[in-house]
Structure formats: C-alpha cells, structure tokens
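Following are the structures in question.
The same chain A turns up in both complexes below, where it pairs with chain B and then with chain C.
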Partner chain A sequence: MTNGDYYQLLKLLAPEWTVVGTVLAILFADLQFWRNRSVAWRSAGAASILSLGFAAAAGLLIWKRAVTADLLGGTLVLSPTSQYVKLALLGLAIVTAWLCTEGEFTKHVGEFVALIALATAGMMFLVSTENLLMVFVALELVSLSLYVMTAFNKRSPRSAEAALKYFLFGGMAAAFTLFGFSFLYGLTGSIHLPTIAAKISWHAGDPLTLVAIVLVVAGFGFKIAAVPFHLWAPDAYEGAPAPAAAFIASGSKVASFFVLGKLLSVGLPGVGGSGAWKAFSPGWLAVVAILATASMIFGNLAALAQSSLRRLLAYSAIAHAGYALLAIIGGSQPALLYYAITYAVTSVGIFGVVAVVENRTGNEDIAGLAGLRERSFLLSVALSVFVLSLAGVPPLAGFFGKFYAFAAAAKLGSSLGYWWLVALALGASCVSLFYYLQVLKQVWVAPVPEGQGKVAGGWVVSILLALLALAVLVTGAAPELLIRFLK
Partner chain B sequence: MTPLHGYLFVSALLFAVGLAGALTRRNAILVLVGVELMLNAANLNFLAFWRYGPNPEALTGVMFVLFAIAVAAAEAAVGLALVIAIYRHYRSSNVDEAATMKG
Partner chain C sequence: MDVHAAHNAVTAAAPAFSSRPEDIAWFILLLPLLAAAGITLIVRRSNFLAATFSIAATVTAFVLSFVLFLMFGVGDAAAVTSPFAWLHAGELAVNLGVTVDKLSTLMLLVVTGVSALVQVYSVGYMHGDRSFPRFFIGLSLFTFSMLGIVLADNFVMMFLFWELVGVSSWLLIGFWYEKESAADAAKKAFLTNRLGDFGFLLGIIIIWAAAGTVNFAELSQKLGAHPDLLGSLASVAGLLVFMGAMGKSAQFPLHVWLPDAMEGPTPVSALIHAATMVAAGVYMLCRVFFLYQVETAWPAALAFFGSISALDIIGGIGAFTALLAALMAIQQNDIKRILAYSTLSQLGYMVMAVGCGGPDAAMYHLTTHAGFKALLFLGAGSVIHACHHEQDIWKMGGLRKLMPKTFLTFALGTAALAGLPPLSGFYSKDAVLLAALDNGHPVLFGLGVLIAAMTTFYMLRLVLVAFLGSGRSEAAGHAHESPGAMTWPLVILAVPSVMLAWVPLGDYLTHHFFTDHGHVHGHGSEVISFGATISAAFGLVNHILFEPFNHAPLPAFLGTGALIIGAWIAVTLYWNAERDPLPKLLGSFARGMRNRFYFDEIYEAIFIPLHDLVARLADWFDRWVVGGLAVRGAHGSTELLGRALRIVQSGNLQTYTFFFVAGVALVVLIALK
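Then we have the complex of A and B:
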C-alpha cells in the first residue's frame, strides 16, 4: 500500500471526518464556553452545531454522489446507493438531535448530542464496507453509543434498567456475531464478503456453515429486534430518553438492515437454502423466513395488549422488522432500503410527537393523547400521517414499502413458493390496523380531558415534524422520487 | 484428531460455558463475565483458524482478534458504568431486582 492510497482514503472518507469533527466541536463548545448557560440553551446550541456539521457532510456526500470505490480489500466500499443511505442517516440524526430540546432529561446535553454524532459515524462506516472486521467494529461503535444514550437519564431508574437490559442482550448478540464470523473465516480463509461468497458454496450443507449462518443471523436479529431476539426492545423503547429511543428505532435500524441484507446477499448467496412451501432446505433463507414469521405474528399480537404508547411502538417495530425481512428474502435491495428509510422517517416522527406530548403532559399512555386534536392540530395531523403510514394505508410511504417488500418475496422462486409468507404478512398487516386505529381514536374521537391545555413543541421541532410528515406523504404518493436513488 | 479440532472443541466449550453463565447468573457483573468468555471463545477460533489455515502469512485472524479484544474492553467499560447506574437506584447489581418494566 502506497501513500497515494492513504491520501485517496482520506479524501473518500471526508464526510466521515466531518462527522467526527462535529463530535469534537460539540464537546469543545459545550465544555469550554457554555458551562454557565441553561440546559435548554445548550441543547439548542449543540443541536445547531450538529446540524451545521452534518449539513456540511451531506454537502460532501451530494458532491461525490457518483463515486464508486473499493479500497483495502473491501474495507471501504463506496457506491451511489451507500452515499444516499448515508444522507438519510445524517438527516435522521439531525432530527434526533433537535428532539433533545424537548424535555430536560439530563444536564450533560453536549455529551448526549456528541454521542448521537458518534453513533452516526459508526452507521456511516457500517454501510460502506464489505469486510467482516469493519462490520464488527462499526456495529460495536453504534451499539456502545446507543447503550450509553439509553442510560442518559440518571434520575430515572427505568432508564438505567432499560440500558442494562439492552446492553446485556446486546453483548450476547455481539458474541454470537463474532463467533459466527470466526466460522465464516475458518470455512473460507477470508473476511472479505465477495471472497467468502466465492468459497462458501463449496461448503453448502456443511453443518458448520449452518452454525455460522444461525449465529450471524441471531446477532443481527438482535439489532433489528426480530423475534426471538427482541426481548430488549420494549424496555429500551419505554425507559430510554425520547431522542435515544428515536435513534434506536430509526438510524440504527436503517444501518442494520442495510448491512444484514448486504451480508446475506453479497457474502452468502450460495448457501441460501430455501424457505419455499413444501420445499424447505436449510440455509439462511429458511432461517430468515422463520424469524420473519415469528416477528410478524408475535409483534402484532403483543402490540394489541399494550396501553403504553412507547411499548406499542416497540412491538410494532418488531412486526415491521418481520415485514422488512421479506424484502431481504426477496433479495431486493431497493425494496429493503425504501422500506427501512421510510420506516425510520416515520418512527423518528412518531417519537418526536411522543417527546413533545410527554414533555408537556407527563403522560406516557395512549390515553394521554386524548383530545390531541384540540390541543395541537399540527401534532395531531403529523401523528395521523405517521401512524397511518405504519399501518400501510395508501398513498403513504408505509403502503409502498410493504408493497415492494411483499412483491419481492412473492416473485422469488419459480412457483410462488413464498406465498405462505406473503399471505401471513398481509394478514398480520390487517391485525395491526386495530391497534394503530386505537391510537388515532384517542387523538380524533376521545373527549378532551378536563384541565388539559394546549400542547406545543419548540418551533424547530414543529417544523421538522411537519417536514417529516410531508416526506412520508410525498415519498408515498411518488415512490419513484426515493426509490430511483436506491437502485 | 488434529490440533485444529482440539482448539475448536475448547472454544465451543468456552462459548457454551459463557452462554450458560450469561443466561443463569443473576448478578449483572457475572453475566458480563459470561459474555466476555463467549467473546474469547470467538477469539480462540480466529487464532486457531489463522494458525492452521491455508495462508497463515496473511495476518487476518490476528488483526481480527486484536480489534475484538479492544472492542471487548470498551464494552466492559460501558457495562460496568451501567452496573453502577443500576446500583445507584436499586442498591444492588442483581438483574432480578431491576425488573420494573413488564408487558
């Protein structure tokens, strides 16, 4: 490797450097200059620095959007698709940072916002690599940042409890992933995904290959909260500060789905086996089909019983992980990314509404939304758009996300072998309408409780929520606007 | 039995012991110890596959293990910080006591 390569590496990683520089700038400004300011002032300041830095990184990404590169044996792999996914991640992080201005859950806002930026840097590395070592290190950077963000509300026992549960499950998942990677390395002698793909098919049907697949899928199943690796999700969503929960539900999901899809379709295409009806054969398609089935059934049924809004969102996230796995089974990267990005935009929006409402009313139940139509019209409309999109009502983005994912799975194989999975997904979507409409019933039908005044977020958060709702509407009405970037 | 088989047996045993510990222990720190055992089992695998693999002159396995050790150290630091956070609220590091959220 020559010096020219290092220089090229530095140039290609300019957006990532900008993000890391933003981390340092936030910490420096907060610790050096803003010690005597109020928490609200400091959180707005930190979010502003993050927005500026990320806007610069986004500018660099757009400027170099047509880049393709493959350096250091797959350690850094750039393609137009990965650039656009990074843009989406930056946008989600900016919204998350501004959510910190709703509610004072900590005095150390500078550190919290810096952690958001650090996690974003990890996600950006995660989506631009085809090397197992880089995947592992970037994944841990994201995870460790998110564990700490979950625990940030030091006054709340639930925040600490949520973080401990998230961490202990996450640590085990990381160990599973690493153990699985070690077998992939042992079977193929390489940690470079295309090289693994070329050699792993010699070992198709080998028990060790199956063990490796199950371990790797289990590790990533934790990150995307697929049943039976979902146990942390409801507690983390409930106990974490709202911005942390929003980022776990959005950015982390996009990056994890992207890298899981890439790992399975680029790294292990020869050992898929089959999950088709009456034609099961062992391989990752069968494993993922089982996870998708369990997630869709369990997530939707458990969501029916929830009274806490955040737990409802957690179980709905589990169900949505099941739907998105259909796109992975279908092997369609545009469908998967469209689904993951629109889902992330929707859930960060919902958590924005949740943050504002909880901050003003202190009520975390679905019943706390009662009569929201008269207390804040903007929040009611935005929440309705988000919830209907999650339910998959056309013409919102959630409908087309599900449509592409289900269509990808249905087209796979010769004789519609995956019809059972698609039928199950359609049935599960119908069940999910019930609990989504329960939320909207509180907003639009339930009587306004006595003594409850208006609810209003800060103006930046209100504008961002309106923009997110608009984005869900526009990408749903004209999905080609988004999906042409993801092909 | 070749030496590689021996190492793989040991690492599988280590992974199983770690997993059993992580699942059955009630003390958060001992769960963390179990997780560390699982990570080290993976490290042992990497080293064995590198040493007895087709091209040991490429240092892939060793590099992976070095990074994994560093990551495991960072993870232990975060984990112990979280245990302290739990201890402040519940005066205990027992994971059963910290179980207020259900449903």
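Then we have the complex of A and C:
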C-alpha cells in the first residue's frame, strides 16, 4: 500500500466525497442560516442543496462511467455497472428529498434531508465493495440512517413504534448477517468475496456452509422484506414519514438487491445447490427459492385484505421481493438490476402520490383516493402508470422487469427445472392484479366524495412525478434504453 | 456503365441534401405524430390552429418525401436502412428501422400527397363540426400509422403500425360515435381486421421460428441463399401473412367491413380507400414478395394442395373478390357505397396481380388508383355536401350544370377508373392484365377483362344517374358548387388521374422488383430513367401513349373493348332513366347483388349463434368455475389465511422476533432436507 494508492482511492471515491460534502453543507446551511425560516422554506432549500450536490456527484459518475478498479483487496471494486447503479441511487435520493416538501412532519427537516444523503452515501459504498466487513459497515450506515428517518415524525406515536420495531428487528437481522459472515470467514479464512468463492466449494455439502448461507440471506432478506423476514415492513411503511418510506422502498431495495445478487453469484457460486423441481439439493439456490415462494404467496394474499394504502404497498413490496429473487436465482444481473431499478422508480413515484394525497386530505386509506380523477388529473395518470407497472401490464417497465426475471429463472438448468417457481410467479401476478385494480377503481370509478376539493402537489414534485411516470413508460416501451447500461 | 456512373454521381451528390437520407425518413414518419401530439396537448380548442398544424406537418412530409424520391427514385441510390435496437427478448431481437428504397419512397409520396389533399378538403367538409380538432388529430395519427407501415424494415415493426392503423381507423370511422351505425361500423372494421391480424401474427411467428429473423432485408437474403429455409411451412407462412392483407385490403371473405366503413365522414373514406388503410395490405404483399418466390411446399396435412402455390391462392382470392364486388357495385344506389364496392373490386385486381407474380403491376395500379379513387371520393363528398347529405343517386340528377367543377373532375376520375386511354387507369389496368397473361393465368386474365367491362358499366351508371338527366329531388335541385377548399383538391387530384402514367412509372416499379433477379418482364424491357424521359419528353409521348398497343396488343385491345361494351350497355340502360331497369331484367339476381349476396346475413346466421354458444359456455365457466370455485374459494381461504395472519401480524415485537428466528430455523430445515 503506497501513498499513490491512497491518492487513487480518494480520486475514485470523488462521487462519494461529494455526497458526504452535501450532507455537511445541508446541516451547515440549515443550522447557520435557516433557523428562523419556515419549514416549507427549509425543506425546499435542503432539497435544492441535495439536488445540486447529487447532480455534481452524478456528473462525476458519468464522467468516470467506464472505470474499472479493484483496490485494497476488494474493499473498493468499481465497474461500469456499479457506476450506473449509483446513478440510479442518486436519482432516487433526489426525488425522495423533494418529497420532504410535501407535508410538515418535522421541524428539523434539514437533518432529515441530510440523513437521506447519508443513507445514499452508505448505499454507494455498499454497491462498490466485495469485502464482507465493508459490506457490513455500509449496510449499517444505511440501516441506521433509515431507522432515524422512520422515527422522524416525533409527534406521531406510530412513527416511533414503527421505528423501534424496524430498529430492533434490523438489529437482530444484522446480528444474523454478522454471524453468517463469521461462519464464512471461519470456513474459508477470508472476507474477500472472490477468495471465499475459490475456497467455499470445498465445503459444498457441509451443513455449516448452509447455516452460514441461511444466516447471510436472512440478514438481506430483512432488507428486501422477503418472507419470513418481512414482519417489520407493514408497520414501518405505515408509520414512517412518506419520504422515509419511499426511500426504504426504493434506494435501499436497489442497493440490497445488487449486493445480495453479487454476494451469492460472486461469493458463493460453488454452493448453489439446486431448487429445481424434484431435484432439490441444499445450497443458496434452494434457500432463495424457498424465500421467493413464501414471499410471492404471502405478500400477494395478505395484500388482498388491506384497506390502508401504505400497508397494501408493503405487502406488494414483499411480493415483488419474491419476483426479484427469481432474477437472482436465474443468475442474471441485468434482469435483477432492471427489475430493482424500475421497481424503485415506481415505488418512489407511488409514495410521492401518497405523500401529496395524504398531506392534502389526511386520509391514509385506499378509499381516500376516491374520485382522484377529478381532483388531480396528473396524480391520477401518474398513479395509474405506477400501479399498472407494479401489476406488470405491458408496455410499462414492470412488465419487462417481470419478463426478464421470470425468463432468467426459466432458462436456468437444462430441463426447465424451475418451471414450478415461474408458474407460481405468473399465478401470483394474476392475483396481484386484483388488489392493484382496487386502487385504480377508487381513482377512476368511485364517486368524488362530498366536500373534497382539488389535490395538488408542489410544482417540483409534480414535475418529478410526471418524469417518473414517463420514465416507467419509456423504459417499458423501449427496455433496451435502460438494460444496455446494466449488462 | 451508365447506371454505375449515375449511382456514383448520386452517392456523391447525396450530402447536398443530407448526409443521412434515413434521417429524413425518420423525420417524415414523426411529423404527423408531432402534429397529433401538438394538437392534443396545445391547440385542442382552436379549429384554425389544429388544421394548420396537421396540414403543415403533412405538406412538409410530402415535400421531404419528394426529396427522398429524387434521391432514391430518380437517382439509383441503393436502399438504406437505419435500425436501432428496440428490444431483445431471448433470441428475438427487434429493431426499429426505416427502409428507404424505390418502393417506400413512391408509397411515401402517395400517402403524404393524398393525405395532404384530404386534409385541405376536410377544412371545407368538416366546417362547423363541433369536434373539428379531434378530426385532425385522428387524420394525423392515421397518417403516422400508415407511414410507419410504409417505412418499417421488419415484420414486428410493421405489425405494430399495422395495429395502429387499425386503432386510428376505428377512431376515424367511428368519428360520429353518437350515430349508432357509425359506432357499429367502426367496431366491425376493427374486429374484422383483428381476424386477419391474427393470421398475420401467426405467420410472423412461423417465419421467425424458422428463419430466426424478422428483418425484411435479412430474410430476403437468407431465403435467397436457402430457398428451403421455411421448410414445409413455406406456403402456409405466406398465406398466413396474406391473411393480414386480407383484413386490411378487405379481400373475400373478410371484405364485409369496408362498405360499412362508409359511415365515417367522407374525407375519411377517401383516405382509407385511396392511399392508406386498404392499400396497406397490397403494399405489404409487395414489400414481402420475396416470401412468395420460394418453392411451393405444404405440410403433410395440406398435401392435397399439391403444386398449387400460395400465390395461386392469393390470385384466386383477388380475382374472386374483384368479381364479387363488381357485381355488388352494379346494384347499389348509395353514391359512397358504389365507390366502396368499386374500391373492393380494384383491390381484388391488385391482389390478383400480386398472385400472378406481378407486384410491380399491383403497385402501379395502387398508385394510379390512389389518385383517381381519392378524386372520386372527394367528388362524392362534394356532391353529398351540396345535396344536404343525400347519398341516394336516384334522388340526385342534373348536377352537371349546378356543380361544373365537381362534375368535370368526377368524370375524369370515372374515365380513369374505367381505363380510358390515355388516362392513368388504362395503363395500370393493362399492366395487371398483362401480368396475368404473361405468367400463364388465362382464366384470371379473362376475369380481369370481364371485370373491366363491369367497372365501366357501374361507374357510368353512377355518372349518368347522378349528374346527367334532370333533378329528381328538391335537394338536388338546389345544389350548389362546393367551396374552394373542397374543389381545389379535386382539380389537383385530376392531374395525376390523367397524366400519372405518362411518366414511366411501370418501368420504375418493374425495375425495382425484377432487376435484381435478372428477370425483367412487362412492357418495360428497357429501363428508362426519369431524367431521360424529361429530356426527350416529346419523343416519348408518342411512345408512351401507344406503347401498350404495340407491345402487347391483346390485353390493350381487349381492355379497351371491354370499356366500350360496358359503356355502351350503361348508356343504353341509363340515359335519362327515371328508375333502375336492371331489377326487372335480372330478377332475383339483381336482388342478390343489391343485398351484397347476403354475406352479412350469412355471417350473422353462422357466427352469431356460434358466438352466443361460446359466450354462454364462457359465462358458465366464469360464473361457476372462476367465480365460484376460484374467486370465492380463494376469497374464503384468503379470509381464513388473513385471520391466521392477523394473529401473526400482531404488532407485538416479541412475537415478530420469535417468527424471525423460527423462520431461519425452518428455512435451514427445508433447505437441508
């Protein structure tokens, strides 16, 4: 390790520095200059600083988009794909920050926006490492920021409750992850993923290997809300401030899926086992197949019975975690990333609509959307695009996301061994249409309730929502536009 | 040597226009879409701006098409395509690309030209309609969809625009949706087309499965190298693709939608019937003609077809449609319906030409037909406008003096359609007949001559009854000439109706289709470039006017003879006639013709009970199996599960923790087994 290496490291991490600098700039501006301003002013100011800083970071990423690097024994691993994933994370964070301008859930909005930026920094480190220790540290940075964000509405007991559950649950999941990592280290003597990959296959049939895999997957299963590690999600989605929920559902998901996919396919390729029909053998493929099955069945069935829009989204997120796990099983990184990114864009969009509607009406139920078509045409159209995309209706992005994920799983193995999983996923998608259409029924069919006026978000949020809806439409109509960056 | 030099010259001169002609093609394609979007989003409330946007876009597209035509038609520039990847799904790679060659540039001219004139005309015809801007949105969308078909360089893209034409035709035919017959006609057109599209899609899938590509150029190349590439499905694939053309170009038995589509506003009829929708089928057949040049092969189940090729079947269907429609046209009394059946009949003619191995003749007839049929429809629209929306020709009469411009142009259009030399229709009809004769289809040739006589007969009947004689109703008596926005397009369209064939269009098309294969036929054995034509125009007038009679006297003289006979019978029967003498002469046959040989009734008798049966079965299935077993069953079990889950989702953190750990244990247990 020479000084030149450190200089190189600092240079390569320029986008991350910029993001961290943005955190400090927001805190400083908020503390120093804006103490006496209104909350609306402060949230817009903080979101503006974040947007500027992140735009600069994005510019650095685009400038160095062709970079490949592997420094300090896998601590920092950069590839064009990781650069594009970071770009997506920055975009999602910008939208989330602007959602803070909808609704005054706290007076300390500058700190909240700074936490968004801090979580983003964590996510960026998370996607650019192949070192287990670094993975864990970055994961904790993301998680702790998100816990605090969830608890940020101090006037709401539900927010505090949700955050406490999220935190304790997350703490336990982190313990499991760390325990799993320590087993991996014990088995292979390394925390470097490619090294682990080279050595773990000696222990392929070892029950200890499987325990390690299950423990690691359990930790990430918590982050992506896969059954049976999903129990925190409905409460957190419901109680958290809308921007926090949006970020949990979007940025955090993208980063976690990327890392889980990398961990399993780069770090543990030799111990996949099999989840094929009638050819079950222990390994992570089997574990992930079990989680996917449980998530798709449970998420969709539980969503059918929800009346709260946010809980519905939580169960839908659980179901979608199941679908995305199919892409991990299929071993197709482009399919996984296309799925995760388009899903994140859709989710952040839906939470945007939810934030605006809740802020103006105070109603958190699906019934609160009644007659939205007459109260805000833009929100209605955008919400319809997002919801139909979640349901997987072509030509929206959700359709191609599912298509690529399912196709990846179907193609795995020689004789369509995973057909049972794909068939289940298709069936589950059909079921999901029911509850998604319930939402749209309220928007387009249900009568406008008495005494309810127009609903309109701020102009920045409105533009962002329109752009997100357009992005869902365009990446769906021309999937090559996005997927060629992810290959 | 000369051709080579010309090629080089054009390649060198091309940058003077644009470095990339395909960019111009993209621009042409997108212009009408931009207009439609612009009207929808910005100027939806202004009649004037809506018409301006739409007409400006189409006229610009026409001018740009002309530029392309100069580059690729007059010059000998090689075909270019400009694809970009649209989607990859497994092994299916679909590009969005435009093909610019002799065929597509000619068709671009036809589509944008007719569309522009129809839009100008619509300003007059639709004046005062409360949904005026919506009409122009529809026209622009329609033009966009049609241009997409023309420029598509692969089957999937063509199919997409194919469906877009279906949708926009639905919007336009049902423009007056509050009128029940219009809404029904729109539905009928759409559904009948879907039937054909189903076959088209199957054909595309078969071709893709067998050849591994949907790109026209690649497919043509592959088929050239391996004529047996499609195996035993070659003819089936060809016929399935033809099913798409059957729907759009209204060939028997899918012809029933076209006459009903007359319920749309008359400019829509003109657009659909002249240059766009119905022409799409014929154009598609010409575009993929290479598909039909492979060896005939049938799968075992269809082996009884023996050596009958897909083209033979196509030719037969075309001829039958042409005959059937001509017979129906003879006994119609609605001015637009006569023209509708005439379109049907002429489309049959074109399809017959393709079936006889003459795509050049088919395109030739399509081009000239686009001109004079648009003229006839717009003329009919002018008449209807003047007679306060009276469409029965027996309630007109004597319009010759009241509407001199309309009459004169309409008469020219009629003469062109009837094939009077030296008007354009004569030459293209002659090319069709020659294609039949030259390629060994004497029966189709005979039918063609017979249909030519019938065409003259029913068109002359229309003119004699509606324009000559004396006014037979008050509306006809008070008719007046239409405004300039409506008559000028008539005058402009009269020019190509008369003179289009004086430029060597037939040779141009023959060159496009057959030079590459070293097989030149038709009356264009020597390739004449446009430049040479113009320079030696006077010398060539003589050559062109009488060339058919010298080169292939049989079809030329028989065609002219048929014209004279048809005209003679029409004049004998309808000169100053007060009512139709034919029903008395022909009895029940005439009734059959008038009632379209009861095709609609037959379809209704067969398909509606069948449809009802399927619907009842589906209803039963939905009510008891889906509704009862699946939905209620799922609901019941979900309810149960939901209650169980409610216990799980207690909000109690200790319980959650327990489930987490239990979950880990369970997963380990299952995975280890």
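Here is the rule we use: the second predicted complex is superposed on the first by the 487 of 487 C-alpha atoms of A that agree within 3 Å, B and C clash if a C-alpha of one lies under 4 Å from a C-alpha of the other, contacts with A are read in each partner's own complex, and residues count from 1 in each chain.
Simple rule for what comes next: a residue touches a chain if its C-beta (ideal position, glycine included) is under 8 Å from a C-beta of that chain, and two chains touch if they have at least 3 such contacts.
Keep in mind that what you see is a predicted model, and the values were worked out from it rather than measured.
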Touched partner set for A:305, first chain B, second chain C, both or neither: both
Which superposed partner A:133 touches (first chain B, second chain C, both, neither): first
Chain B versus chain C as contact partner of A:452, first or second or both or neither: neither
First, second, both or neither for A:79, with chain B first and chain C second: neither
Touched partner set for A:207, first chain B, second chain C, both or neither: second
Partner chain(s) touched by A:480 [first = chain B, second = chain C, both, neither]: second
First (chain B), second (chain C), both or neither touched by A:172: both
First (chain B), second (chain C), both or neither touched by A:286: second
Chain B versus chain C as contact partner of A:234, first or second or both or neither: both
Doubly contacted residues of chain A, that is, touched by chain B and again by chain C: 161, 164-165, 168, 172, 176, 234-235, 305
Residue numbers on chain A that touch chain C, as the complex places them: 161, 164-165, 168-169, 172-173, 176, 207, 210-211, 213-215, 217-218, 222, 227-229, 231-232, 234-235, 273, 280, 282-283, 286-287, 290-291, 298, 301-302, 304-305, 400, 403, 407, 411, 431, 478-480, 483-484
In the complex, chain C residues that touch chain A: 85-90, 634, 638-639, 641-642, 645, 648-649, 651, 653, 656-657, 659-660, 662-664, 666-668, 670-673
Residue numbers on chain A that touch chain B, as the complex places them: 132-133, 136-137, 140, 144, 147-148, 151, 154, 157-158, 160-165, 167-168, 171-172, 174-176, 178-179, 181-183, 185-186, 189-191, 234-235, 238-239, 305-306, 308, 311
Chain A-touching residues of chain B, taken from the complex the two chains share: 15, 18-19, 22, 28, 31-32, 35, 38-39, 41-43, 45-46, 48-49, 53-55, 60-61, 63-64, 67-68, 71, 74-75, 78-79, 81-83, 85-86, 88-90, 95, 98-101, 103
